[in-house]
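Labels for the chains are A, B, C, D, E, F, G and H, by order of writing; each one numbers its residues from 1.
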Amino acid sequence: MSKNFKIDYKRKERIGFQEVIFGASKTIEQLDAIVEDYQKNKQSALITRVQKVKAEVLCERYDQNFYDSISEMLLIGEFPIEKKENEVAILSGGTSDQFLVNEIYYTLLYFGRKASRYQDIGVAGVHRLLDNIEELKKFKVLIVVAGFEGALPTVVGGLLPQPIIAVPASIGYGIGKGGTVALHSMLSSCANGITVVNIDNGYGAAMAAYRIINNV
Amino acid sequence: MSKNFKIDYKRKERIGFQEVIFGASKTIEQLDAIVEDYQKNKQSALITRVQKVKAEVLCERYDQNFYDSISEMLLIGEFPIEKKENEVAILSGGTSDQFLVNEIYYTLLYFGRKASRYQDIGVAGVHRLLDNIEELKKFKVLIVVAGFEGALPTVVGGLLPQPIIAVPASIGYGIGKGGTVALHSMLSSCANGITVVNIDNGYGAAMAAYRIINNV
Amino acid sequence: MSKNFKIDYKRKERIGFQEVIFGASKTIEQLDAIVEDYQKNKQSALITRVQKVKAEVLCERYDQNFYDSISEMLLIGEFPIEKKENEVAILSGGTSDQFLVNEIYYTLLYFGRKASRYQDIGVAGVHRLLDNIEELKKFKVLIVVAGFEGALPTVVGGLLPQPIIAVPASIGYGIGKGGTVALHSMLSSCANGITVVNIDNGYGAAMAAYRIINNV
Amino acid sequence: MSKNFKIDYKRKERIGFQEVIFGASKTIEQLDAIVEDYQKNKQSALITRVQKVKAEVLCERYDQNFYDSISEMLLIGEFPIEKKENEVAILSGGTSDQFLVNEIYYTLLYFGRKASRYQDIGVAGVHRLLDNIEELKKFKVLIVVAGFEGALPTVVGGLLPQPIIAVPASIGYGIGKGGTVALHSMLSSCANGITVVNIDNGYGAAMAAYRIINNV
Amino acid sequence: MSKNFKIDYKRKERIGFQEVIFGASKTIEQLDAIVEDYQKNKQSALITRVQKVKAEVLCERYDQNFYDSISEMLLIGEFPIEKKENEVAILSGGTSDQFLVNEIYYTLLYFGRKASRYQDIGVAGVHRLLDNIEELKKFKVLIVVAGFEGALPTVVGGLLPQPIIAVPASIGYGIGKGGTVALHSMLSSCANGITVVNIDNGYGAAMAAYRIINNV
Amino acid sequence: MSKNFKIDYKRKERIGFQEVIFGASKTIEQLDAIVEDYQKNKQSALITRVQKVKAEVLCERYDQNFYDSISEMLLIGEFPIEKKENEVAILSGGTSDQFLVNEIYYTLLYFGRKASRYQDIGVAGVHRLLDNIEELKKFKVLIVVAGFEGALPTVVGGLLPQPIIAVPASIGYGIGKGGTVALHSMLSSCANGITVVNIDNGYGAAMAAYRIINNV
Amino acid sequence: MSKNFKIDYKRKERIGFQEVIFGASKTIEQLDAIVEDYQKNKQSALITRVQKVKAEVLCERYDQNFYDSISEMLLIGEFPIEKKENEVAILSGGTSDQFLVNEIYYTLLYFGRKASRYQDIGVAGVHRLLDNIEELKKFKVLIVVAGFEGALPTVVGGLLPQPIIAVPASIGYGIGKGGTVALHSMLSSCANGITVVNIDNGYGAAMAAYRIINNV
Amino acid sequence: MSKNFKIDYKRKERIGFQEVIFGASKTIEQLDAIVEDYQKNKQSALITRVQKVKAEVLCERYDQNFYDSISEMLLIGEFPIEKKENEVAILSGGTSDQFLVNEIYYTLLYFGRKASRYQDIGVAGVHRLLDNIEELKKFKVLIVVAGFEGALPTVVGGLLPQPIIAVPASIGYGIGKGGTVALHSMLSSCANGITVVNIDNGYGAAMAAYRIINNV
């Protein structure tokens, strides 16, 4: 098979961050070839949505590895040693959203930012959010994950002044299956100035936060 | 034109309430014939969604009339004199939802119930709801109207124990146009035991509340 | 793994019923940690939509258990001993809807209510419904389950005066696959005052009934 | 303007009925040219969905005319003198569906069949249908019109053995706006052997009935 | 398990044909109980959409059986001995539609009608249809199966005068996946008097044909 | 108002054809400013979808003009004098599609190509197409317009070898309203190698044909 | 009419900006009452989506006014005198998007920020973007407006490092009508870290930019 | 099993190319019968979308075979020996699209055309396209594959004059899952004269290109 990819190593120079690989629709062979390319260029490779069977094969081939089975994030290489804290907070409604919370967390870690996680802040028990308002004021950016009806970013948006990135989770059933309801709900929010990323796009939310804290 | 309708006057006997007319898709002539039929049977006729031009013609023909131009509800006849209070509360986010709040209010009035209206309890400023929690506890049924992302019933559902009937309003734009987002959001609510009616179905919500307070 | 949930044990005090766990998108490890938490608080834990393989593992770990494989409801602990009867009737069209009928039944049982089940009351043979009208009049709330075209609640709503909670079932194929047709049909019903929950949301329908019988 | 149409006068010979014109998207000039063509061929022209302003102009130009403003059907020429009765029954829920009932009625009249109309047989009061069952048995084909949740054909299908053609009406609001819910409901019917035509396609339903009574 | 079904044995008397079982969403145990009920009533049981694994178990339990793995139709009992021919023709585009052609064929066989099958009459080679026009004229009803763009019934409808029942097949990919495009295409047909059933509803199409040939 | 546009006059040099203006969402003032810019550059301006009221104002301001009210195409300037013929044929089903046939025709005329129009070649009378097959073989490109079920390109594709550009028309009603069914039907065609443009995009189809005849 | 609104004057204190009024679904009387309330509190009132007829009435009543007919923004009061520049750039494809560009521009002006507008940077002529790359690097936030296929934010995202807020415009026709395609395209972007607001939500995009520049 | 297919061997004579088999929904037995038929007619059979397990069985039965596991294309027989080059270029964004690039490539090879592949020309790094513009000018037809937001054909269309066939790939997630967003984006393109095929219809795109290069 002739090589059918070309890693965009100049991306960091151009827009401030290097390429991350989308793993879901690539075969082990394709991922292996890509990782090898990163190794030759002496760079750590972060790959999103690597199904467990594929991750296991790659982890056997490369010693320096980290795999989070909940978010299916795979790192071949190392996270940066120094990390900035207190810049990004990740809020979510509970256990079912954890795969996204982790995808956001590890993406930011790859770029040297250690986010704080506030889980189980569900909108069906709004006191859990109210109890944390003061503490949440110290962060520069809030990333808010929600499935089902996706109401959490709206409530947060009425209480806190920072940039809010809403992430719809594909958690739900019936009409809410697949996350479309949460997505549409966030886009239609009556709160002001909330922005939204694609369903389950934790990676994109992390990058949007990074664009803010790295440039503004 | 031969008569093409038959009012279901035995409905009250059968299921506890008389027939209300859906006015939106009927011509003035069709409505006139129906009202005449009610008059012959010595009953007040409540008609929903009567566009203003049609209502004006009918109000000229029948002396005993009441028309609310915001909800487009038309009554030919009289509301009952005695009314029960403190059974139903109607909550909504503000001015734009008023057409629905009124549709619910006048439907219940027609059946002898005087509901209390709590307007401008929007989810983007959750303190406005929290301030009213104690007062809201006294009602038997809560009807919650919301457009845009439709999050209000979810937050209410986490704070109050009564039956909650959620009414999606066709207020919004872009992906939220027509009220589908509010509807789907209410159906997917992570709060427990919320039930939902069709978009803009204030009449149906009032009847659902009436089924509860009249039978349970 | 740090703990990423916080059971809302004060919910009962606040709104009259304790938290039930949504099991579909949680791993065995996550469910196990949650159950343990309930045990420490000396409470029975009801978990919905627990796939069989997951249920079997949990049932091995905890002696006091009940699992209904048709509805995938799992109870770790015991149902209350005393149960009120004759409050709620569950109507459905037949064998294919049984998973929902049972989800409703066991949820109500967990809250001390024993519902009556009327199965195979399909709309394609309306005599089966007509034969039961008198008996159905004694209940306070009717929960009506239907898949395919979802017409049953409409017909029931024209014959009986009680509160009616319609539950669309994901039974059908072609354009009716997934239950969206039944859901939309119930929302568009020409019968008066019917309310609706999400597709397959038997749990939510039971809770809505409970809100009525516990508060009104 | 060069002539851009060619009436299919051999259709009757080929498949048993002549061409009917779809009027909604044609200008007065286009319709006029077509009618002239029919006149030259000494044939009556039936045109569906002719908006009132267009019909008035055409009725002034051609003496022999018939216009039904409810269904917007326009005939330039005459209906056949002899008509067969007791072949087709049209069932519907009431006043709002009348535009479709008439479209079916006049189409069949154009082909020499006089249908019987049973209006206000709504599913929310099923006794109105049950009262007519014996009488309905005498027809060869049943055409059933319904808007909102579209449940009527399903109930009819469980009670009567004839061919049933279901016609969804664009009557409803919210999620039922435009008739899609009625259409999907009829297609998903749990009753056996019901067939369906497009929303508001009264003309098509009449032609389907005609194909049956003219050929079988 | 208490019995949760009641076979509608009086259906034949009421509307002319006995009940057929929908097998897709029933367990082996549920199907077994139903078949036993038929056996006790000395009737053959026809079950649609029985997945192979389930069919094999049932075929082992009941000697008199017939299973067609392409359409997943299962008969426990026997087909009637005498069969009428030349009443129904089934047209389709080819191999991929065969599962539906067979579902139609065996349903009609169960009711004593032997249909003729014309396969590989695809619209992309219209000569294959034109070659058969004369022969097709002899049938009373035409059932036309098509997937992809679903154009075949439209072309047939312009060439033949009989009742035409269009059956959309869930054959296709991309935007045509699941058969929705074929369904919508058939409903929007510019040909006159075509009626449509749900996607993959071969059984319903057969019953619609049976309603015609048995009653008209 | 500062100037908010920049005509791409180098487009012809870059990709072979100059810019055409999309008129539907521009005000008269905006169009006037654009036309003036073309005039200064001594070029004819072709504007698509100019509503009649706007066209009349512009035609009064600029002497050299051509407006086709059916397609709403406006030319300020002149069509080229020399035109190539016999390269492109436009096929359609009849009068209702004429607005698109003309949009295609005048766009090609603006680029010096005179297309041939074959109207009323509808698929419900397939003989009208078969009669023209030999004549149609002489063209280099076929553009096929169809509304309703959109089947015409599929039938053409099975009979003729040239490039076929399918144009869905927004002609239809019910489920076919807006042209989505025709679009999806063309995309799902079982005929080989048909390409499709957006609903009502006659201009785009003409440009696609022009790309072929100008470059291949 | 009793007062049915309560302006959230403490919003600025709580989250950093005062309330802006959504004008589309409010009557003149409702808007007038709201404006009066602002006047009493000595604050300027910014109202979005005020149709021209409504704006004219209000402008007659209040001397200090500003109305932009393209974006339908109405200010009763004055813009702040001091404005920060060089913080936000607005990019768009041309004349048709101007209503959104202006909505963003005037919202930011109301909060004391003067954005720079780069119009006619369409993706169909990518050189127009490439020519401005260096200049665009100086801004803190980029707001990118696009209708039709909505590709502009994706291309910008690959070339520039700042936070990018994508705004889908309801400009387009056929399948792209209403802006849904642009919205979905932006959400699915293969560029990294782009966030999106609702269709035509220029106001929301401005507020999202303000959250960034005011807090980070 | 009676033979239920008829290969259209005269297609080449009629429209210039022989029939290719759609393999996805056919069983091994059905495919085997079809291949045997081709063999008897001494023709190579090209089958699209043959799942690996089915391909392996067929490859064992027929010696002359070629199977590409990425595109799931199966050839029983041989590719033509002489091949024309430099006529068609295939552009795509990277590794994930390769299954479509190969489907296009092998289809053209079967008809004696050797296309050139330009992979990893993604729109998020537009320089990769700009670097290849001069080289791309030499081809007669450009086929452009893209998943996610599907923006590549739009950018290409603004830079190059040839016929452009856009192929949406089912690569993406969330709202972009299944390729619908890429499809709609390509249809709504603001670039001129781009045509589109169904999602994942690489075969159709190849045939459309072949129609151009073989006939124009």
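One rule holds in what follows: a contact is a pair of C-beta atoms (placed from the backbone, for glycine too) under 8 Å apart; a residue touches a chain by one contact, two chains touch by 3 or more.
Here the structure is a predicted model, which is why all the values come from computation and not from measurement.
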Quiz item: Which chains make contact with subunit C and with subunit H at once?
Solution: A, E
Practice problem: Compute the centre of every chain as the mean of its C-alpha atoms, then state which one is farthest from the centre of subunit C. | Solution: F
Quiz item: Matching A-C on over half of contact pairs, by residue number: which of E-F, A-H or G-H?
Solution: A-H
Quiz item: If you average the CA atoms of subunit B and of subunit C, how many Å lie between those two points?
Solution: 27
Exercise. Report the inter-chain centroid distance for subunit C and subunit E in whole angstrom, where each centroid is the mean of the CA atoms.
Key: 35
Quiz prompt | Approximate Å spacing (C-alpha centroids) for the pair subunit C, subunit F | solution = 56
Exercise. Indicate the residues of subunit E shared as contacts by at least two other chains.
Key: 125, 157-159, 174-176, 180, 183, 187-188, 192, 198, 201
Quiz prompt | Every chain pair meeting the contact rule | solution = A-B, A-C, A-G, A-H, B-C, B-D, B-G, C-D, C-E, D-E, D-F, E-F, E-H, F-G, F-H, G-H
Quiz item: What part of subunit B is in contact with subunit G in the complex they form?
Solution: 94-96, 98, 101, 117, 119-120, 125, 128, 171, 173-177
Quiz prompt | Of subunit E, residues touching subunit F in the complex | solution = 93, 122-126, 147-151, 154-155, 157-159, 172, 174-176, 180-182, 184-192
Quiz item: Contact residues on subunit D for subunit F in the complex?
Solution: 4-6, 8, 11, 22, 24-26, 30, 34, 49, 168, 170, 178-180, 183, 198-201
Quiz item: Within the complex, which stretch of subunit F touches subunit H?
Solution: 14-17, 20, 140-141, 157-165, 183, 187-188, 192-198, 201, 203-216
